[in-house]
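Common to both upcoming complexes is chain A, partnered first by chain B, then by chain C.
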Partner chain A sequence: MTEYRSRFRTLTDGSDGPEDADHHIFIGPQHPWCEEPAHFIIHLKGERVVEADIRIGFNLRGIEKAMENRTWRQNTMLIPRACGICSAVHQNVYVRVVDRLAGVEDQISERARLIRMFSCEAERIHSHILWYGILAHDAGFDTLLHISWRDREIIMDIVEKLSGNRVNPALMLPGGVKRDIPKEKADWARPLLDELIKKVQYHRKVFVEEASITNRLKDVGVLTKDEAKKTTPNGPTARASGLPFDVRKSTPYELYDKIDWNLVCYPEGDVLATTLVRVDETLESLQMCKQILDQLESTQGELLVRVKQRIPEGTYMARAEAPRGEDVHYAIANGTDKPDRYKIRAPSLGNIDATLKRMDGEYIADMPVILRSYDPCFSCTNRVMLINENTGEKMILNQDEFARKAIKAKKYNRPFF
Partner chain B sequence: MKKVLVMGGEALKNQAKGPVTKHVLKRIAENPPPEDIRTIPAIIEDRCIMCGTCVNVCPSHCLGMDKENKDNGMIWILRPQCMWCGHCQTYCPKDAIHIDREPSLSNSLFSFNVRQDYDMLVAKGSYKGDTADKKLQELIEEGGKKIKEIEEFRG
Partner chain C sequence: MSDELKELESILNVTLPENLVEETVKVEEGHFDLLVNTKNAYNLMKILHEEAGIYHLSTVSGFEKEDGFNICYHIQHRIEEEFREVPINFIITKVDKKNPKSPSMVDFFVAADYYEREIYDFYGVYFENHPFLQRIILPEKWPDDVKPMRKEYSWEQIKEITMKIAKESLEEK
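And then the complex of A and B:
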């Protein structure tokens, strides 16, 4: 067994790197996302990655502290802003925490729970479609980006019609949901869901059969099952490495145990497998959405239970399956109308170590795809600085240039530098 | 020569076609926003009882209140601060909050002299009694000063 070099080391000029590396690449650190803005440091020998490292914690927005200064009711609308795209899941976990602390968990009707689930699944669909579109863009296959994002508008329209907003549905409240899904809207949404299923099946066909994308993704960044067990990824990253773990199956919340759905799991562990996990999950979520709409017709119940402003003392931890993995919230209530402490652990943090492991021994030209593989919500301000250690020459590339260079290097078998 | 002619044909075609974005505007006109879309709230004055629930519940602190009693006070909304969550509408006990389907976002402000203009900037609030008049005057003066500053800055 090789000696384990700890990750998360402080390292600014590359002098701390492994001895046989001759180039150091810095990616980051501006990722104004949730809690995980990351600065990647990649040590290279020639074209191969010797080791990758990371520094995090550049952009703490203090959302947890801000929550301590607001009431539980106000926080219901603040918590979806924790993440740009998985807002409904964050709100779902928060709402379940407050339900439990206020003691109204058992009174929430089935109808309210079904509407909550619909919101979460619709979000999973649009998040996954967005992700594999960007992955295709990074791999140099822009046609699929355009096709998938065009088709994504269908689910965005459904979300907008049902909740009043495209990416921030905010349907949930402590004690139930804000809005109903009436029969007319359900009937309107059903044919659109059928249409989207056909389109996602077409995307899947492209990913499986089109040689220009499969050659780019197959056997790239392999994370074997044993490595996955050591680095503990979660969500689709783990499921692509043969670890069949999903919070919805293992500890069912809401009504996930009363709906028919399959756990998607692939044993290969490469980037293609993570992609196919997400594409298959999209199809799975789409059929779950249809089931939920069918069940809503026969289910009646009160939408909102009254929750008092002051939450009694207590602590509770809840978790849910976000599109990227496991999302954990922990709250301490002190009897007033404000939380004493609130902790959010978003899923990408657990996937970083596995992604670093994935990079070992890979080509530098594969980096854009591998970095994208765990769905890190990179911002457009992402920059790369290349430093030649011998000459001290610096080169700053933005993400576009980096991707273009990588694609060229891969396509024509040319050196990266 | 041949290339010029080809491009000339393209140009003539484009002349006859009209603006490229024409069909976009048409599509927007054909597909208006959904009926219950969430935008900036407006308070229906007749129903408002000045209880202050919306002010307490607002997560972005965009609602302000100054009141003495039920018929004497003012609730105002700061339009730029609102994040369109619709929380005030959910918790209002009297259904006094109406959410506009088509908010006029690009309204510019020319003077601070009339109440209507103020409504345009701060969205529709609830104004009752003398307290409201006094407070409104204060806010208008404050806003006027800011506008003046901006104008001075622009030169």
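And then the complex of A and C:
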């Protein structure tokens, strides 16, 4: 094997592609296949892929710089916006970093930690179900897309009931959580979780037994363990290639070491393995959610500890297991109420390289499922307009106007528009 | 030799020459900061990669201090039998601000390639022996001499430059 080099190197015209390639396919930044902006360049010889490459940076929002300009408290609400779908886990890492730097880490009650964990696990469930639905769609099996997305609504309802929002629960604050999960809501959620477990078990059965989708995914885009060690993927992408590392197990945070759960790892390395890792993880997360609800009944404690506005000097790196992999945050505090530097590394960036490696030598027809296999999320990779959902009316506001309108709407209890 | 360095050595099962390491800090149980200067960084990383067998690089982050830029390689020492990871923040300190140069770690980690390019993009740190040191993430029309994450550029200035680029691209069409 020739020495492997990383991707992200192609010029826009593809003139530096490999010599034996006879066709170059350009996908994106705007393309019906990609829901999010990225520019893929696929070099082909006949029907086989010689090399695939990517250009990123179409969705750079400058969150890291913006955070240096805001207070720690304000950033609590900015940080979930780093990613469209795994917002709770970003907030979880952030509040853990601030807890540690402010020195209140030991004072946070078990009840607050359990609620944080519930939010993270519920997010993992809906993110994974969403993903394997889209994968089924890419593999040409739309029935499963419709079935899985229908069933996903159950967990979305639970998240909405417990937090008030569907995809951005924003339950956490430095020092604890914002709201409690009362007993009535927990009792309401329990039968729904049981129902969802049955449904996900059915999805798993489809993926394992239904030949039309299994054949489409099996032995496609194999990433061996050695290649995985070289290209350093993380999360489910790595666990499907036999690297048994999950941040929840390897460096336990919150109360993950006190809950009973299994690490999911498959050695095959093909796209079917990445799928099954996620389906099995969904089942694991569902039973973890049930455990957390049970434990909440017997655990009492203060929900929120006071954290001072000024965070003392210090640095800290924290990691968490996001649905897509390992989420790394590194913070430097300088004694004021604003961070000196805040670095976010969301999991997708680490997975792109390994995924493009999977494409070598594969058929062009397998490209959609392989590229989908790492669960692309480009707002993570790179870092206000309001639309009225009834009329489609658009309104562009600056920050002050938005704040004024929001206060008025709250005060007089009337709609925003 | 400090106790922290000894503890790290016993976890990694290698000897780290004391003259290469500037300082070792134990952040918490099984989480270390390893401070090193630009001269010794390459040799120390070589020991960590080849002898201790560290292969996972989570990310590279840059930050600015008064005495120069710092570059932090977040690496993980993985113990597969125990499903355990030991995070190490490998921090290269005091990279000269006027002529920022640092050794590239592409020889050890494939992933260092694009993470280092991100630092080059944001801070303008030049990585020696990097095979393809070019911009990766900033917009194509971004001025080459503006390194947005440096402290000399305020949030307002960055906003102004961004709006200017957006306006120009709109006018082109």
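By our rule, the second predicted complex is superposed on the first by the 362 of 417 C-alpha atoms of A that agree within 3 Å, B and C clash if a C-alpha of one lies under 4 Å from a C-alpha of the other, contacts with A are read in each partner's own complex, and residues count from 1 in each chain.
Everything that follows uses one rule, which is that a residue touches a chain if its C-beta (ideal position, glycine included) is under 8 Å from a C-beta of that chain, and two chains touch if they have at least 3 such contacts.
From a predicted model like this one, the values you see are computed outputs, not experimental measurements.
K.L.:
If chain A is used to align the two complexes, do chain B and chain C fit next to each other or clash?
P.N.:
These partners fit in the superposed model.
K.L.:
Once the two complexes are aligned on chain A, which partner has more residues of chain A within touching range, chain B or chain C?
P.N.:
C
K.L.:
Report for A:Tyr316: first if it touches chain B alone, second if chain C alone, otherwise both or neither.
P.N.:
second
K.L.:
I'd like to know which partner A:Arg179 touches here: chain B for first, chain C for second, both or neither.
P.N.:
The answer is first: A:Arg179 touches chain B but not chain C.
K.L.:
First (chain B), second (chain C), both or neither: which does A:Ala88 touch?
P.N.:
neither
K.L.:
Taking the superposition on A as described, I'd like to know which of chain B and chain C A:Val49 touches: first, second, both or neither.
P.N.:
After superposing on A, A:Val49 lies clear of both chain B and chain C.
K.L.:
In the overlay, answer first, second, both or neither for which of chain B and chain C A:Glu160 touches.
P.N.:
After superposition on chain A, A:Glu160 lies in contact with chain B alone.
K.L.:
Who does A:Ala240 touch here: chain B (first), chain C (second), both, or neither?
P.N.:
The answer is neither, since A:Ala240 touches no partner chain.
K.L.:
Looking at the overlay, does A:Ala139 come into contact with chain B only (first), chain C only (second), both, or neither?
P.N.:
neither
K.L.:
Pick out the closest CA atoms of chain B and chain C after fitting on chain A and give their distance in Å.
P.N.:
When the complexes share the chain A frame, the smallest chain B-chain C C-alpha distance is 16 Å.
K.L.:
Going by the contact rule at the top, pick out the chain A residues touching chain B in the complex.
P.N.:
Within the complex, chain A contacts chain B at residues 70-71, 73-78, 160-161, 163-165, 168, 170, 173, 178-179.
K.L.:
For chain C, which residues are in contact with chain A within the complex?
P.N.:
Spelled out, the residues of chain C in touch with chain A are 27, 30-31, 33, 55-59, 61, 63-64, 72, 74, 78, 80, 83-85, 87, 89, 109-111, 113-114, 117, 131-132, 136-139, 148-149, 155, 158, 162.
K.L.:
Contact residues on chain B for chain A in the complex?
P.N.:
Residues 34, 36-38, 56-59, 83-87, 90-91.
K.L.:
Under the touch definition given earlier, write down the residues of chain A that touch chain C in their complex.
P.N.:
By the definition above, chain A touches chain C via 4-9, 56-57, 60, 62, 64-66, 68-69, 229-232, 234, 243-247, 249-251, 263, 315-317, 319, 326, 328, 330, 332, 340-341, 343, 345, 349-350, 353, 382.
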